[in-house]
Amino acid sequence: MKWKTKITKVEPNHLITRGYRQEDLIGNIPFSHVVYLLLKGELPTKEHGKMMDAILTACIDHGVTPPSSMASRIVASGEVPLPTAVAAGILSIGDSHGGAIEKGAKFSQDGIKRMKDENMNIQKTAETLVSESREKKKRVLGFGHRVHTSDPRTKKLFKLSDELNISGDHIDLSKNIEKELETKIGKKLPINVDGAIAAIISDMNFDWRLGKAFFLLGRVAGLTAHVYEEQTTEKPMRKMATVSCSYTGPAERDLPQRYQHKDNMEE
Amino acid sequence: MKWKTKITKVEPNHLITRGYRQEDLIGNIPFSHVVYLLLKGELPTKEHGKMMDAILTACIDHGVTPPSSMASRIVASGEVPLPTAVAAGILSIGDSHGGAIEKGAKFSQDGIKRMKDENMNIQKTAETLVSESREKKKRVLGFGHRVHTSDPRTKKLFKLSDELNISGDHIDLSKNIEKELETKIGKKLPINVDGAIAAIISDMNFDWRLGKAFFLLGRVAGLTAHVYEEQTTEKPMRKMATVSCSYTGPAERDLPQRYQHKDNMEE
Amino acid sequence: MKWKTKITKVEPNHLITRGYRQEDLIGNIPFSHVVYLLLKGELPTKEHGKMMDAILTACIDHGVTPPSSMASRIVASGEVPLPTAVAAGILSIGDSHGGAIEKGAKFSQDGIKRMKDENMNIQKTAETLVSESREKKKRVLGFGHRVHTSDPRTKKLFKLSDELNISGDHIDLSKNIEKELETKIGKKLPINVDGAIAAIISDMNFDWRLGKAFFLLGRVAGLTAHVYEEQTTEKPMRKMATVSCSYTGPAERDLPQRYQHKDNMEE
Amino acid sequence: MKWKTKITKVEPNHLITRGYRQEDLIGNIPFSHVVYLLLKGELPTKEHGKMMDAILTACIDHGVTPPSSMASRIVASGEVPLPTAVAAGILSIGDSHGGAIEKGAKFSQDGIKRMKDENMNIQKTAETLVSESREKKKRVLGFGHRVHTSDPRTKKLFKLSDELNISGDHIDLSKNIEKELETKIGKKLPINVDGAIAAIISDMNFDWRLGKAFFLLGRVAGLTAHVYEEQTTEKPMRKMATVSCSYTGPAERDLPQRYQHKDNMEE
């Protein structure tokens, strides 16, 4: 069985990751830049390095209510090892939790490609994409938030991407889509943190298929803190949530006739 | 790399599990007996087969509130594949959720072994175990339940184990411990469903290390139903639980001086 | 927070699942029929009950090589609790492992619906579907197997579905597709076990979105046996697989100049 | 249901983590220092910040063979979402994979506490601990490695902990244990990377219960790269490992008599 990998070469007393000796990376390259190296294959420029670091920090935590933190804390309460509970939270990262980064980045990258192919300008592209989405009754992902109307993380990320000269067509497109949505819907649906990250990683030339990875790599820090807090300050199997549940299934009933008169489980 | 396995032999058009051709098992041996075969290595007697089936059914579901169903439904709400969400629920099966079967079976099996080694009777063994646990301030697992005072599953399982002549020393010991606990604590702590299963599988001569497996193999059916219900009747990312959370960390503060005046993230 | 569930009603000393008291189900209804009840909402007819049981048994195990057993055994070797390792195997059940049941069932159910809408016969439907798939260069899922040319599980399942009068349009369609594929490709691509289950559950009127659930609910028994075998007969962290891996990344190199001369990780 | 958390306060347009506004953390505090903040509750000193960063980088990847990378890549090959496959790798972080950090840190912290309680010096403590472990036939964890005799990561981490004035009693104890083991066993068992991290985080005053967290938080970056590489460069369900498996279960046999003559699965 012959595998190929571009990630790490392992020999006795010799570990090479993406070409670099691990002992050179350790203590010389900030961890967030090493993460970039792992995902992209090359170390970041100074600007990309700072942006990468900022994106990871923007994803660290959103309190106890998102599916990932809830899942991690609930699983921790069953009394399992820390990594098992952290992994449970990661499992919830799906198309609706963190998934807008992936889908948003794809939408944006496809949009910019099409803009170039069809020789449109950004504004026209935004109009076209919004109107097509509305026709198909599909939400444009990455706009609006259930808690925040002006998310401080989004503002900070865009401020940085401007300062670092990273902002390009994809961020521009997002801002035009935001305006277009406001015009068409008559209501402000501000770019949310997922949408901002989707646009920024697209301007950093990342594959949209890595969309969920950024969220995961930042959020895993918060999940670890939640599991540790649950394990060290709460009792296992504590009552965690008030869920008033109404049973809407069939009313109480006897077993069907056919199961009642025989030795039903004859081998 | 040479592995050994006693479970299944795979050859083209020929699948042998624990010695039996899979096409012979399919449709001839009830699935619950096949599960027994997988765990024990041999098909069950008629009595063990019925008991096995009853144990699995006794574990199927306990509504939406246990950690496993909550975790599965919450993870499902992130919009992930069905198996991912089912697995998240299984991750919560730990020392405090389903774990009393494993620990209870170990406690019971160690107890009966000791009874024989030290030539005690059951009643004396129960007294000794309870008094030692109380000295070490350790709970005897498998007694008492947060919802049920007289669990219908427990009664049915014990009724069956009597009818099927499975009840032996381990069940006897559990009943004696229940009495002893009532005498010592002055309050009835009835054997719960985990405790009943722990005693029964011990009388069926199962290794206590399989304790969580019985719970898992029954509960996975309920978890699958919950995930499917969540995916087909609810919206992703719905607000699932009322958790009023108070933040008890440090008050809002500025970054420390040392982070404020430099270009902090120089490569 | 108001949840609705049709699965189980939990009250003190009273557990109702799909309308039935759990103490009535335990010991009276075979576990596989209870699984059917959980997924479908109603107990099976005698014929459906037998078929359901056979399907679960047909999924139990395929030795150590499928992704699910490998993942479970490898994770077990890290020394984690049994449920954690079983869950790891379940995570691998995806579009390519067990997924042909889901996709195959959707393909079949869409096909039969279209046959009725467009007033075609089965043979014409098979021709249309195969030729359209070939045009789109998409594989028709559920045909061919990497090990078996005449899978004993498939034959047994179809024999039972005939005997139990379950075989209907969906199975008929599968057999016509098999013939059509042979004609068009000039090579026999026999219906595999996933394809057989996809067709049978469609004739049993199950939602295709439950496709992976059948595989999961049977396979979890085998995974549990594998984890238990690994934990009780092998050492943790044993060398498990011969993977000869060639590193194809960048050649060994020094850190870029810009990282070499400063205190790189200034706060 | 009232939860308490010291981690993050969530209000509309206002996110406070451990007291700091997230928009202040983003872009100003290196991500690895933010991880420290999440785990410890306070931002690191300059020295702790650098050490934390170095530890995370020291854990990033060890090629395709460790259980975590194998599990992630195998699960990825079933065609599941990236986070599901990354989580599968995390599940394998257990008592034998990454676990030596947790156990080693506990051993070290207990050792230093006892040294102070019993008024011993470091050398005497090392002798006592090694001789007691040998009596109980327990391995002292964190020494020796299956691939490396002189692990470049370990050397670099200790060099940094010296330069940063972090090295204290726990590291000193590890070095004394290494010498003591060599004397007693007559063979060099060098401190491995897990053992080094265990000693360093103990000198940084981290709770040993966070031992696996450091490994997890670094390794998750490598796992993400492996899953992405598998998903983008390999076909699903490729043959991944050569496992020559010998079946050692019962020889092929017929079903027992009692299953052969009846309608075995009567409802």
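Every chain is named by a letter (A, B, C and D) in the order it is written, and numbering of its residues begins at 1.
By our rule, a contact is a pair of C-beta atoms (placed from the backbone, for glycine too) under 8 Å apart; a residue touches a chain by one contact, two chains touch by 3 or more.
What you see is a predicted model; the values in this text were computed from it and never measured.
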**OP:** Check every other chain and keep only those touching both chain C and chain D; list them.
**Re:** A, B
Original post:
Hey, which chain ends up farthest from chain A, C-alpha centres compared?
Top reply: B
Original post:
chain A to chain C: how many Å between their CA centres?
Top reply: 27
Original post:
At what distance in angstrom does the C-alpha mean of chain C lie from that of chain B?
Top reply: 24
Subject >> Numbers and ranges of chain D residues touching at least 2 other chains >> reply: 1, 3-9, 21, 25, 27, 29-30, 46, 50, 53, 63-65, 80-81, 83-84, 87-88, 91, 93-94, 98, 240-243, 245, 258-259, 264-267
Original post:
Viewed as a graph of touching chains, is the assembly arranged as a line, ring, star, complete set, or other?
Top reply: complete
Subject >> Parts of chain C lying in touch with chain B, wherever the complex brings them together >> reply: 1, 3-10, 12-15, 17, 21-23, 25-27, 29-32, 34-35, 38-39, 50, 53-54, 56-58, 60-65, 81-84, 86-88, 90-91, 93-94, 98, 147-153, 155-157, 160, 207, 209-210, 212-213, 216-218, 220-222, 224-226, 228-229, 231-233, 239-242, 258-259, 262-264, 266-267
Original post:
Touching chain B in the complex: which residues of chain A?
Top reply: 29-30, 33, 46, 49-50, 53, 63-65, 67-68, 70-71, 74-75, 77-80, 84-85, 87-88, 91-99, 146, 236-237, 240-243, 245, 265, 267
Subject >> chain D to chain B touching residues, read off their complex >> reply: 1-9, 16, 18-21, 24-25, 27-30, 41, 43, 46, 80-81, 83-84, 91, 241-256, 258-260, 264-265
